[in-house]
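Read from first to last, the chains carry the letters A, B, C and D; within each, the first residue is number 1.
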Amino acid sequence: MEYKPVSELQRILACLPEAITDAFNQGQPANYIPALAEVDPKRFGMAVSTVDGEDFTAGDAREMFSIQSISKVFSLSLAISHMGEELFQRVGVEPSGTSFNSLSQLEYENGIPRNPFINAGAIVVADALLEYVSSPKQDFLSFVRGLSDNIDIHYDESVFRSEFDNGQRNTALANYLKSFGNLKNHVSRVLDFYFYQCSLSMSCLDLARAFRFLAQDGRHPFRNESVVSRLQARRINSLMMTCGTYDEAGEFAFHVGLPCKSGVGGGIVAIIPGKMSICVWSPELGAKGNSLPGMRALEYFVKQSGHSVF
Amino acid sequence: MEYKPVSELQRILACLPEAITDAFNQGQPANYIPALAEVDPKRFGMAVSTVDGEDFTAGDAREMFSIQSISKVFSLSLAISHMGEELFQRVGVEPSGTSFNSLSQLEYENGIPRNPFINAGAIVVADALLEYVSSPKQDFLSFVRGLSDNIDIHYDESVFRSEFDNGQRNTALANYLKSFGNLKNHVSRVLDFYFYQCSLSMSCLDLARAFRFLAQDGRHPFRNESVVSRLQARRINSLMMTCGTYDEAGEFAFHVGLPCKSGVGGGIVAIIPGKMSICVWSPELGAKGNSLPGMRALEYFVKQSGHSVF
Amino acid sequence: MEYKPVSELQRILACLPEAITDAFNQGQPANYIPALAEVDPKRFGMAVSTVDGEDFTAGDAREMFSIQSISKVFSLSLAISHMGEELFQRVGVEPSGTSFNSLSQLEYENGIPRNPFINAGAIVVADALLEYVSSPKQDFLSFVRGLSDNIDIHYDESVFRSEFDNGQRNTALANYLKSFGNLKNHVSRVLDFYFYQCSLSMSCLDLARAFRFLAQDGRHPFRNESVVSRLQARRINSLMMTCGTYDEAGEFAFHVGLPCKSGVGGGIVAIIPGKMSICVWSPELGAKGNSLPGMRALEYFVKQSGHSVF
Amino acid sequence: MEYKPVSELQRILACLPEAITDAFNQGQPANYIPALAEVDPKRFGMAVSTVDGEDFTAGDAREMFSIQSISKVFSLSLAISHMGEELFQRVGVEPSGTSFNSLSQLEYENGIPRNPFINAGAIVVADALLEYVSSPKQDFLSFVRGLSDNIDIHYDESVFRSEFDNGQRNTALANYLKSFGNLKNHVSRVLDFYFYQCSLSMSCLDLARAFRFLAQDGRHPFRNESVVSRLQARRINSLMMTCGTYDEAGEFAFHVGLPCKSGVGGGIVAIIPGKMSICVWSPELGAKGNSLPGMRALEYFVKQSGHSVF
């Protein structure tokens, strides 16, 4: 498996999305939130950020979109940087086999979510984080802005409000976790923080840059410091591989073969350890909630660049 | 099966609780709410109210206690009187096979609670009632006071607050129901009403009187009117038989053989259709949440009076 | 609730099935076994056997049909007569809330079936019986013949073979029970016995007579002996009330209000404790597996005769 | 991530098992089969087979042991070589989230096993294979012998018989699959073949060699042919990563970071795509059924050689 020179990356990106035209018109943008449903379904952007500090982009790579569940990696990383493996006494590290917002699994396993990328797990992570940050939203935003080297990242007020208005199932999950003693803060405070995280708007370029620390053993992409340790970066990457794409992790491991995390806003980030981080965005989702053009683009990219781990 | 003359009833009651002394010290009062945990576990009261209008009592039959889930029969009756069978489009009529506060069943059955006596079902009933009553709490209280012919019935403020403070699982259930579209009002409004119902304090005598309408084809015990129709009374009685005592309905059907409804405050009501209504109270609960001395007392009463339906 | 004189019974039966004509053409005969699917769906029979020893019949009351799950009451009665309450260490007495052939419940409850009327429970009962009978099939047949006072009762060879050929789910259940240690005999021996029981052919009159012991405190209908004790008869009746009609026990308790047991052959038996036993048969089943005309006929009978327990 | 020269491999292996002494005495050999329980728990062997055709060994690498679930990769590979992706209409490719022998998942998903590495999935694969091989056991054995270049590989008669004697849960699974129509052959024929596969005895060296085709894009280790296509090899590797180690795939992805498949005989195989295949064996299992010393040895090997994919 010979790797193509970096100069090839721009060429590969340039062929997208033409190379994957048949992946469009197959899915539907998320419609549970008006702000997501209104996005033009034909948008497509992609960005790559290498460990050498070079960025490559294609299409709408600078367009802001709602990161949704991709935020779960930021909160997990921040929590792990504070607490280390202790976090995993409150949330597991195994695939769930049930849908991302299932309550049944919690019932059978006494309030311990299967992993930090299902909603229940991310809500526990948000609760854990509240113990370590003084101004949660501000600190979280600063963390993400620092990783992206972009102070123009904001949260989307209308998305945030919609999350609240449509968030009954997450409210159910949070109260259920509370009933098991696995939330320490007030449910409303935890959800306020959790929904805030989901409603950040970022571009493919922002996300590709922000995730680069996972491609370079935890080192910050723009500062001379570590975001997480080398081992912690590996923990996060392995969780993305086994649990990062909802109930479709098996298909992603096969077709893409990289640690990935997706969001219902249509974004997907992927990590090539030691080499680069990637973000693709296109709003049309498949039945499992992952961007169909995005998945296809990653598959194409991996095939052309020879970068699958398998 | 010859029935003993009514004059025998007082004699049977007089033998209680001596006849069931070995049923004490076997269980524990409910402890999830301080107000319940503080009750003297040795209290025992019983009352019978016949369709002829006679009342018989034993022990602490005039002592007020927290009716808890027994309130579910009042709210169901009130809802049925307004909506009839239409209510059962939103809540089922079958035993659940899972614990009274389970969320899993809802997940597999798309937000339709199995019956109105599990918490999820009673929350749906509370929501349905809100459509028909202008001053929910006041109207509910008036309804119960009228059935008991006792204007000194009140709700217990400390119990009500405790329900709220410890009500995360019910909050989870309510939000989950809302996410399926099976609550029409705001979750907090529904829960406020639901917790209010649970926190009423009544005596055995109050409850025996209040339930008499179910022993006399729906006719009000003290007014010349019907609370529910004859068929509706039968619906409620049959639900009490199959679903009225949490996950122990099978044992109750065998040992008591009457429609019953229990509450974790230690109260149990039972109906002998066409004859009388009964209420027993004693705080020590068994593993399934039913009063152990209460269950034993009903078994003794049925045996002595010859009133099982089987 | 005044009871009509027994002489009325024949008059009520005579009005059936005309009184329930609109209950036909609503369902489907069982089709998983050819022998069941081939039965004329318009057949209807009914029989009543009173504790005074009188029998009343209507329609095809002497026509033989496949008793299927109704046999579960015979095997339960026989097992209880040998073992008493000890049997209930291996099988529960509560409604299951899941379908009659579910395996999931067993998984969560470590191989203890919820009650003896779901298939898993009946298979455990068959296994338990094998410890007490020397010639299982012969002894079982003799027991049923004795209860019916009819030596012409036989099992149906073609039904028996079909049960085996289509019995994968029951084979799965039996092996699963075995894996939990809740079967003591070879799976094939237990299933051979279990399928045999299900494949008995009997008429409404046979069944009404055979079930009379449950209406008369366990006393044999034709011999001066007890089939089961008074308390055991009550246990069986209460189980029929809460668990006897698959996932429709709640509806039966409401519409019929009597202990019932149904089979997918279209038969339903019902008990009026202290008075009589009833059997109705008509092959068209509703969605839950109970005969629709049969259920309606029982409802009509109860209404006309004033015999509901509620 | 610099890779150590191949000459380093022998040095790393030489340090094992001394480097992992504290991983012993923590677990228990499998005890459901006498033949497994009798193995000396202190045995430890490891073998590496590189794509250059070099083999490296340590400890008891030539000792035969029961491969158990490792056989699932052989049958999957053989089935895929015959049917390709068509196989995945009958078995999924996603982690199950439930234990390896769960029946509940099948109930909720209508008889489609979640993946080919849980027992239900492997039984479906065995059934599918029966359509393509004329002498199933012989062909399977020849396939494995060819991959290992060792004609002395045999199945263990006593293990095979024990599998049958203790195989009630697998028999339950097979019958359940049959009831959903997801087995085409007789249950006994499928299980006979499935248990045969599990009861093969092989050494670490045999397995390391036999799995080398998955490290070299599907090419046979000893013949000028393809076992499976490049894409099929990737499918198998990705399934091993997400589902290969029972309910511990998440921990393996983190600690080992390679596609792995384990068996309760204490063996674990791992693939480093493009480089080598590895097999380690030691009988003491952890709570999830994976060899504790084996898992630790792989972690050590990956750390020393720099070969994690993350």
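Here, contacts are C-beta pairs under 8 Å (C-beta built on N, C-alpha and C of every residue); 3 or more make two chains touch, one makes a residue touch a chain.
This structure is a prediction, so every number in the text was calculated from the model and none was measured.
Enquirer: Please identify each chain that touches subunit A as well as subunit B.
Expert: Both-contact set = empty.
Enquirer: Using each chain's Cα centroid, which is most distant from the centroid of subunit B?
Expert: Result for max centroid distance from subunit B is chain D.
Enquirer: Determine the centre-to-centre distance between subunit A and subunit C, using the mean Cα coordinates as centres, and give it in whole Å.
Expert: So the centroids are 56 Å from each other.
Enquirer: Rounded to the nearest whole Å, what is the centre-to-centre distance of subunit A and subunit D, using the mean of the C-alpha atoms as each centre?
Expert: It comes to 32 Å between the two C-alpha centres.
Enquirer: Need the CA-centroid distance for the pair subunit C / subunit D, whole Å please.
Expert: Whole-Å distance between the two chain centres: 48.
Enquirer: Hey, what residues on subunit B touch two or more of the other chains?
Expert: Residues 108.
Enquirer: Could you list each pair of chains that touch one another?
Expert: Chain pairs that touch: A-B, A-D, B-C, C-D.
Enquirer: Note which residues of subunit A are touching subunit D in the complex, please.
Expert: 1, 92-98, 105, 114-115, 233-235, 237-239, 241-243, 247-251, 253-254, 257, 259, 273-274, 308-310
Enquirer: Inside the complex, what are the residues of subunit C that reach subunit D?
Expert: Residues 102-104, 106-108, 168-169, 171-176, 178-179, 187 of subunit C touch subunit D in their complex.
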